[in-house]
Amino acid sequence: MRPLLEKKIPLALVFIIGIIMTLQYFVPHPISQTIYDNSLMWDRAIASMAYIMAIVSFLRFHSRRLKDKNYAPYSLVAILSFAAMVLIGFIGGTGSDSLFQKMYDNMMVPLQATTFSLLAFYMSSAAYRAFRIRGIEATVLMITAFIIIFGTTTIGNYVPKMNEIVEWIMAVPNLASKRGIMIGVGLGVVATSIKIILGIERNWVGG
Amino acid sequence: MSVRDFFIRLSKIDRKYIYLVILIGLIIPLIFPPHFPQKMSPQVKRVFEYIDTLPKGSYVILSADYDPSVAPEVHPMYKAVVKHCILRGVIPIGMTLGVQGAGLALDAFTEAEKVLGARRDTDYVFLGYQAGGAVVILGLGEDIKSVYKTDYFGTKTTDIYALKPVKNYRDIALVISFSGSAIPATWAVYAYTKYGVKVAAAVTGVSAGDFYPYIQAGQFIGMLAGMKAAAEYEDAVNRILKEKGIGKFSTSAIRMMDANSIGQLLIILFIIIGNIGYFLSRRRK
Amino acid sequence: MHISTNLWIWIQALLTLAIFTFLYKDNPLFRMAEHLFVGLATGYGLVVVYKNAFYPNVWVPLFQEKQFIFIIPFVLGLLYLTSAFPKISYMIRWPMAVLLGIGSGLSIPLTIQTYIIEQSKSSILRPPYSNLISWINALILFVGVVSVLVYFYFSIPHDRPGVKQISKVGLFLLMLGFGASFGYTVMARFSLLVGRLDFLLNKWLGIRPF
Amino acid sequence: MILKTILFILFLSPPRVFSPDGTGKKLTIVLDIPDAIRPQITTLNLVRECSDGKIDTLDILPFLKAYTDNSLSHKKDYRYKILAYSNGNLIFESEWSEYTRPTAKWFDKDKLPLFIAMMLFTIIMIYYIAQARANKPLYLRPIAGLEAVNEAIGRATEMGRPIIYINGLTGISDIATIAALNILSHVTKRAGQFETRIVVPCYDPVVYTIAREIVKEAYTTIGRPDLFNPDDVYFATDSQFGYAAHVAARMVREQSATNFFMGYYFAESLILSETGASTGAIQVAGTDSVAQLPFFVVTCDYTLIGEELYAASAYLSREPLLTGTIKAQDLAKLLLVAVIVLLSILSLFKVNITLGLF
């Protein structure tokens, strides 16, 4: 009984649903469209309920840390700010003039934007450390990056043909490499999907 | 310590010092703008010169297909192009395919009223937002006034003086799509390929990479890409303002781009220093 | 200098500075901001998921419109909770199976179309080309795509003559593409940082440029 | 004035109506209005009568040459007539069209080549899987990034510090996430044998539930269910940069010896990998995100590029069933290269054939 419930039913579900979802792409009939629309709704419905598990995990993670001297004050901040956001959102509403939106605009947005902007620093240190003339591949990478970084400055415009070189690199060799990667990725994605549907790739049910 | 040791030690420096140099390198030009002389890159030049040489009274559609998240890069472009059109007697028709673009575009036209004394419905037209995306683009190719029955302010488009001679794309000299996403490509496919109207793109630095194939294929007459193009265009408009003795320059993009360029040049400097150190330390071994 | 008197601007500025301190090292100020960020974001996420996903896709169809077929996703969703009971916790695999089935089924035809067919199709040489440069560009695209594909070939040794050279060209192009993307992103990322610094200097401290 | 308008009303032949596709929801109505009348039209109406007697008037753009009516039913018939007005006066009215039913089909003929391509690939896969079952050994070229996986786990064991494993920032419908979760299973089994701790902060709620299950299962498989610590596989947050800040901080605080970045990433990739590099961790990345690959290549010790991420599961397990499918991918690549080269050569000799999809 247990292997049936534990492995066979989930694998059968993946197989049946996977094949239906693949075939519906080729079937224009309204029934196929209904299946598609409903499956997207079901997908969102099921995924939204997984959020309960996520919140449980989040709260457990931080409440356990309340006992740890090093983390207690910070995890308390995390729990309180979580609770505040939830209460404000459910009680005060989420309209464009609500406190919920104000908290988002004035606290989350600057936190996001600043974390995002750290990338400028990280790019500098990564370039400094890694862009070395070391073997042919690393050198090609470095020289291309070097040309493009320089070509996109104000001063780059003073070097004849610089802009044309930047455009050409972006539109021709860069595009060629991206296309090659994408075709390979496409094959990998399709093969993995087929393996999942056929039940060959089954780590998620314990191998 | 020899010069060689200095470079070798420098090439192994802690990254905190790099961060510090970058930080200082960006703050100083923001407070004391260096005003690097701007030279227009070819893509920007093509758009600028095209508008610059249009006969007075020509029409240009400026579609504000961007939202506040990409405004730092794209909004200065929109403002500069609006001013450029008005200074040259070209009539900009403002519109947007995204709801959030309306407020931003309106801001640009309000500024043009204040700075240049532009008059609504005579020197410019602002149609506002219309839902439908590609359908709107196609519709404009047939009849602008039936797609937009009224403008942003509720005036009937058939009553707008400046729009009297305009029917569809045949009367439009250029369409520029300002965006942080793939919308300019939609304009290229539907407006240029289907109706043959000239199209240009004004996009963020990150998305610009996706549009180079369109430029190579000649589907855009030119492209304004990122902060750099915004600064170049702003500078060119400032020069016209100076010629005409109006003053009231705007420098927001120029200032930001100067800091940007310094940051990029610092990275280049780091790469060079790092390689000198690496090269010297290898030779020692 | 006209320092801002708006409380929200001050909060924004302090949060911005707190994040920047991480560049120096991990410190209490950053930890505070980081945990605040994580807490706010998760709270925000819960509210948004409830309003945009749970309410329209579960609550409305099942409890308001009484479409009882929606009992199925609702029950499947509830099965997530079984993970709290070790004896039946394997039942969590059922909703997982449904999501995996939908995800992999949808991806197959779409991926073949957009990733494999479209990209291969546009790499084929299609003369005539108008000038020498477009000829060379088309040739580079053609050779590039083919050589990168050879580089990804897994089941032949890459030291074979012919294969070795072609896959080297592929690797060379990959590196060139990586360098180009890296370099191109630099300008955009600096724009973000300049934007943050401009906020601090201009909006918060009110320093006008000289 | 009134006389003039009446004279202008033209009664013309009915509009042509046809079913444009097999969705059973659409009808396309061709609006054959004489060019002489077109410019005068200010309002164009299409009157639709359904076989159940319901009549609707649709206000459409006056310049349209054809209109596609959506959201109809394939179980009913519809007929249409055109009404055109000039400033409120009727100037044109057509007769009713024939009753037409939107056709609902069970197969879209335009997608036949795609269907054949898909079936071909599936058959190739099944063939090689069968071959693998018959135990024909397969050669697989070494991939540095994958050989490094074991080395990286070993390093964490030696140093007695944890491994941080990230599954990317997309949901479960993204196949890259599934590939990442498969590698997670292998890494956990291997690390578990040495009792090395593995920390998995999650971004997506669904991925969190699956990751938890996979880690638990992996420990059970190697006979060490006691190693599973629910606090080490947890949901961090689902905000892109909030997550990046959390994971970066965790790398610094835990001084993780090894970091794995598998799956799909966005701009946060460099925040994660450069912070990891600053702590001196050994880092292995694997992604199919073309935009983020450069940053991983520059900052990580090993990077699985695109398709290599999908091949990883087969490489690590060496299970014949899985390695069989790699051979199928290779054959598909060979076929694609052959098609690209062949069609290119043909078009050089001015032979332009279109091969279904191409």
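By letter and in written order, the chains are A, B, C and D; residue numbering begins at 1 in each of them.
What we mean here is this: contacts are C-beta pairs under 8 Å (C-beta built on N, C-alpha and C of every residue); 3 or more make two chains touch, one makes a residue touch a chain.
The structure presented is a predicted model; accordingly, all values stated were derived computationally and were not measured.
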Any chain that touches chain D and chain A: B, C
Where chain B and chain D overlap in contact partners, by chain label: A, C
Chain whose Cα mean lies nearest the overall Cα mean: C
Pair sharing more residue contacts (C-beta pairs) when A-B is set against A-C: A-C
Separation of mean Cα positions, chain B and chain A [Å, integer]: 29
Averaged-CA centre spacing for the pair chain C and chain A, given as whole angstrom: 4
For chain B paired with chain C, centre-to-centre distance based on mean C-alpha positions, whole Å: 25
Distance from chain D to chain C - Cα centre to Cα centre, in angstrom: 13
Set of chain C residues in contact with two or more other chains: 19, 22-23, 31, 33-34, 37-38, 40-42, 44-45, 80, 83, 93, 96, 99-100, 102-104, 106-109, 111-112, 116, 120, 123, 137, 145, 149, 152, 174-175, 177-179, 181-182, 184-187, 190, 193, 195
Set of chain A residues in contact with two or more other chains: 22, 25-26, 43, 46-47, 50-51, 53, 55, 58, 108, 111, 115-116, 118-121, 123, 125, 127, 129, 131, 141-142, 146, 149, 152-153, 170-172, 174-175, 178, 181-185, 187, 189-190, 192-194, 196, 204-205
Touching two or more other chains - residue numbers and ranges from chain D: 111, 114, 118, 121, 171, 173, 175, 178, 206, 209-210, 213, 236-239, 241-242, 245, 278, 290, 293-295, 297-298, 305-307, 311, 326, 329, 333, 336
Pairwise touch network: line, ring, star, complete, or other: complete
Touching residues (chain side chain B, partner chain C) in the complex: 16, 19, 26-27, 30-33, 72-73, 204-206, 208-209, 216, 226-228, 251, 255-256, 259-260, 263-264, 267
Chain A-facing residues of chain D, complex: 21-25, 74, 104-108, 111, 114-115, 118, 121-122, 125, 129, 171, 173, 175-176, 178-179, 181-182, 185, 202, 205-206, 208-210, 213-214, 217, 220-221, 230-231, 234-242, 244-245, 267, 270-271, 274-275, 277-278, 288, 290, 293-295, 297-299, 305-307, 309-311, 313, 321-322, 325-326, 328-329, 332-333, 336
Interface residues, chain D side, partner chain B - complex: 61-64, 278
Residue ranges of chain A touching chain C (in the complex, touch as defined): 2, 5-6, 9-11, 13-22, 24-26, 38-39, 41-53, 55-56, 58, 73-75, 77-86, 89-90, 94, 100, 102-104, 106-108, 110-111, 113-121, 123, 127, 136-138, 140-149, 151-153, 168-187, 189-190, 192-194, 196-197, 204-205
For the chain C and chain A complex, residues of the former touching the latter: 8, 11-13, 15-16, 19-20, 22-23, 31-51, 53-54, 57-58, 61, 69-70, 72-74, 76-78, 80-81, 83-84, 90-91, 93-112, 114-116, 119-120, 122-123, 137, 140-141, 143-145, 147-149, 151-152, 170-187, 189-190, 192-193, 195-196, 199
